[in-house]
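Here is the structure we will look at.
Think of it as A, B, C and D in the order they're written, each chain with its own count starting at 1.
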Amino acid sequence: MVDLSVQIGDLRLKNPIMPASGTFSEDLATMLDINTLGALVTKTITHGIRQGNPTPRVCEVAGSMLNSIGIPSKGVDYFRNVTVPYYQAYDSPLVVSISGNTTDEFAQLCEAVSVPGVAAIEVNISCPNIEEDGKAFAMRPSSTLDVMRKLRAATDLPLWAKLTPNTGETSDVARAAQEGGADALVVCNTMLAMSIDVQSRKPRLGNLMGGLSGPSLKPIALRMAYQCAKAVDIPVIGCGGISTTEDVLEYLIAGASAVQVGTATFINPTAMIRIIAELEAYMVAYNFSKMTDIINSVRDEEAADTVVFMETAP
Amino acid sequence: MVDLSVQIGDLRLKNPIMPASGTFSEDLATMLDINTLGALVTKTITHGIRQGNPTPRVCEVAGSMLNSIGIPSKGVDYFRNVTVPYYQAYDSPLVVSISGNTTDEFAQLCEAVSVPGVAAIEVNISCPNIEEDGKAFAMRPSSTLDVMRKLRAATDLPLWAKLTPNTGETSDVARAAQEGGADALVVCNTMLAMSIDVQSRKPRLGNLMGGLSGPSLKPIALRMAYQCAKAVDIPVIGCGGISTTEDVLEYLIAGASAVQVGTATFINPTAMIRIIAELEAYMVAYNFSKMTDIINSVRDEEAADTVVFMETAP
Amino acid sequence: MVPANEQVFETECQVISNSPVNNDYRLLVLAAPAEILNCTPGQFFHLQCPVREGLQPYLRRPMSIYGYFPEKGELQFLYKIAGTGTAALATLAPGEPLNVVGPLGQGFDIRDDWQNLLLLARGVGLATLAPLALEAHKRGKTLTAICSARSPEMLMSIDYFRDLGANIITVTDSEETSGLENLEKLIEGLIATNGIDAFYTCGSNRLLKLLQTLGARHNISGQIALEQQMACGLGMCQCCVRSFQSPTGIVHKRVCKEGPVFDLQEAMGW
Amino acid sequence: MVPANEQVFETECQVISNSPVNNDYRLLVLAAPAEILNCTPGQFFHLQCPVREGLQPYLRRPMSIYGYFPEKGELQFLYKIAGTGTAALATLAPGEPLNVVGPLGQGFDIRDDWQNLLLLARGVGLATLAPLALEAHKRGKTLTAICSARSPEMLMSIDYFRDLGANIITVTDSEETSGLENLEKLIEGLIATNGIDAFYTCGSNRLLKLLQTLGARHNISGQIALEQQMACGLGMCQCCVRSFQSPTGIVHKRVCKEGPVFDLQEAMGW
């Protein structure tokens, strides 16, 4: 018998496969038994009600996509009154993704969602901090440390910090998040990108720019997950461009303890359950009994010592 | 008659298409008349002789590639004695790409390559600065300003600063490069990335990590080129993932005055001459007479004011 | 947990045929299992268009159900080549697989007390309205279909509607009969002679406005199928929203989930 | 500016045939213009493998020239399915286009004063050595080919070599004749009876070492064709380097430009 379960801080997940925030909702239950997933991660919510960005909110780029949804949110009350009760029917742990424009707003929301039925809070610190020139909290170690400390003080639930690839200081930011009290890191969110329609000369997204996700992001996000796994002691949850079981293995080997699947679900809504089945078959075929046989098994040897902290391409 | 020429500071290029550093050499003359190109950009050279990184130096990722060549170099003497004379046979301007581990080494090399026959110097400030925790000069505004000032003092030739995408401070770095004396910006170099072979569990590149180039990089590099064109007054030369004439138009519309074609030449060695021909045909078809009819014609309107300086994905 | 008629499937179907209907449109016929053919007119599928040299669509493409026939196990789409995805779709040969997700969204509603239905369709809109016509026929409704096109040769599905006993009126640009003024006169005529209980239309801003005006004037209900860029098609990503009038002000609804069929008066021009 | 024989072309060729030779290898025959068939044995082409559903190679794949026939306008490759690119190559049907870049690299050298040549080849190495055998035959050289394989059924191109009048010796793993010891004995025998002026081989570390030893022992020249990951194939990207012995110490050379054929004694094991 193979055991697919993984440990993320105090939380035991039945398998390492879960959806990425914003690419999953109750609606996926129309297609598959979401109770088979390792965890259930909500779209990021904000404290108040928000409409989100102008359309078009998505566009396709070579083998991947851009989005600029803009966190439309029904607010915290809807979450507590409707979303949490809905997920009571499932035993896969509910992870709520939250975000705020200021540290205080963020911390208040963190407290407000710390209700029974919520297993962990994923803090989307890849969103702009309007108190500090609009850069995302997770772009700098200092603002990361700051916001994580306040969030830590606001809840006793496990805190997962979701990092951004839009930084040159991945390792430092990861350490700051750990120091600030994160129980795990989710690595990573989308990469800021742009596309222009040559005919109309207009940006393809209503909001001018948006986030790159899908296969193009994978080598970048994998590099970050690897850097983070080397930099911190808390678990890393890999995210970015995963669409096959091989992609999952790449992240696990690089040091991630679990992974999130995002855009791939748009292409194949049943991708996650297929991956879970394939992962189990892989374990059997290669005689692995538990996930820790795979996690962090990268053969980086000498190379790792010299270039782990390299944050620039040659 | 359409005029494809563009102005990059004091330099007039016969057309906006040139190779990207490291993806071109004299060897391309075995395939096409390199004199048809807007400029001829060398692989980055260093002062001394260097061997470069261990193999494998390249690997393929979804629809793109990673490389970690590591700047093997025959040194400055070879450049002056062999390379410069070789290019005398061509009238397309010779642009030499240089790099150094320290500011002083960089500046010395900049002076040493300022010889007749060289039309401009592209300073690859995307390389690690060993004086400052190994981060690339162009990852931070301060180190960018610093190195650009020294380089400016070292030569009277036009200086093109080549930026890195491995930063969260694109606009600030662009302004620092301009302030430091750059005559143009090349936007951008490769994005730090990684790939692991699941069978062997080894990193696919001998050097563990490498730079992502090709189509996957395009939406990221285009966003940066757009940000830079908004942030500075000097010309921007777009680079990243260009393989079609439409890609070129996207960069020009976004504000780039010229572009560099890199990885696409590996896939289709004749890509650049095909693009030049197609660009001319496009101008004729759409009744444009000069490149400035296209450059910076993006219809970003209101959107631009609010989110140009956004450096994070929503 | 999910009611059977809300169940959505990801299924690999097999192409039976894929051939041009006229210069612009093609008909794709798939062999499909009965379980995915429990559809409502107006619903759509999300198609994973094939990857070809030089045509590499990434996201799925939404396509209205043109025909669903559980008895013979067939699923049909009527489509126009618009770009990469549909161009790739057009290369599919009989026997090749096509991965489809669906049926998706909310379809048209035919209230029992509605008898005289008016369809107003142009181009791809016919694809969306065809199964509605069939359903109306099955339920013994009286159907009038105003079919609009650039020119008489471009008119599609006329025979199909005629076989369903529909009263067909064709209007075309080349004959200068498709203008708003003429349409208004036509429809006012229909209302005056037989009476109309409901309007059904698709997509166009121009037709939306006209039917909204006529509907308000004569208190006639109506529904419209709308389009929007989609990623997931399942209601998860929030990218496909449009604005709608509601008692509480303007609200966003997801075209893939609350739509693609919406109340005519709630829909907003764009 | 570039001498005619150094000119490299990017050309769209047409597939004439593409069929299995045995369980592991396939032969691809292309219709090619004469201008690109001015080749030297040992040179290679860089192939843009086609894009298929689930098989989307990005970089080109290097492939030795198995045969080039300017008279009949044919270019041939013998290949083994190793991964994405070669799997995609195997799907090419007659009539389909294939974009090739070449001819590339430095081929084998047959010095006029060399008469008795020994080829030592296994697997894909045969593809590389086949045109050398033809050239040797044309130039009236005496050729011995030691062909190695897993088992007798896997031996390839035997008839081809035989038709060229080569003296053929086959060794296989299943018959336990392909071991180093046996090979050494065999070659020592050949040297003792007829004498050998030059060795030619490909790829394997094991064979390289053996021939280096024998070459040094008897002062026999030799050449080896090597492989390395490639991006540009033209000498521009510096990714395909290998280490070589040189009078000034260990140097890097580009397999695509200074190679793929190198002096046997300069080559280094890996």
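The criterion applied here is as follows: a contact is a pair of C-beta atoms (placed from the backbone, for glycine too) under 8 Å apart; a residue touches a chain by one contact, two chains touch by 3 or more.
For each chain, UniProt lists the protein as follows: A, B = Dihydroorotate dehydrogenase; C, D = Oxidoreductase.
Quick caveat: nothing in here was measured; it's all calculated off a predicted structure.
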| item | value |
| --- | --- |
| Target chain D (Oxidoreductase), source chain A (Dihydroorotate dehydrogenase), minimum contact steps | 2 |
| Chain whose Cα centroid lies at the greatest distance from that of chain D (Oxidoreductase) | C |
| Separation of mean Cα positions, chain C (Oxidoreductase) and chain A (Dihydroorotate dehydrogenase) [Å, integer] | 37 |
| Rounded Å distance between chain B (Dihydroorotate dehydrogenase) and chain C (Oxidoreductase), as computed from the means of their C-alpha atoms | 48 |
| Centroid spacing, where centroids are CA-atom means, of chain C (Oxidoreductase) and chain D (Oxidoreductase) in whole angstrom | 59 |
| Touching two or more other chains - residues of chain B (Dihydroorotate dehydrogenase) | 61-64, 69 |
| Junction residues of chain C (Oxidoreductase), two or more chains touched | 56 |
| Arrangement of touching chains [line / ring / star / complete / other] | ring |
| Pairwise chain contacts, counting only pairs that touch as defined | A-B, A-C, B-D, C-D |
| Touching residues (chain side chain C (Oxidoreductase), partner chain A (Dihydroorotate dehydrogenase)) in the complex | 1-2, 6-10, 48, 56-60, 84, 99, 101, 228-242, 252, 257 |
| Chain D (Oxidoreductase)-facing residues of chain B (Dihydroorotate dehydrogenase), complex | 22-25, 27-31, 43, 51-52, 55-65, 67, 69, 72, 89, 214, 263, 265-270 |
| Residues on chain A (Dihydroorotate dehydrogenase) engaged by chain B (Dihydroorotate dehydrogenase) in the complex (per definition of touch) | 53, 61-64, 66, 68-71, 126-128, 134-136, 139-140, 164, 166-169, 189-196, 198, 200-203, 206-212, 215-220, 222-223, 226, 241, 246, 249-250, 253-254, 297-300, 303-304, 307-314 |
| Chain D (Oxidoreductase) residues touching chain C (Oxidoreductase) - in the complex, by the definition given at the top | 50-54, 56 |
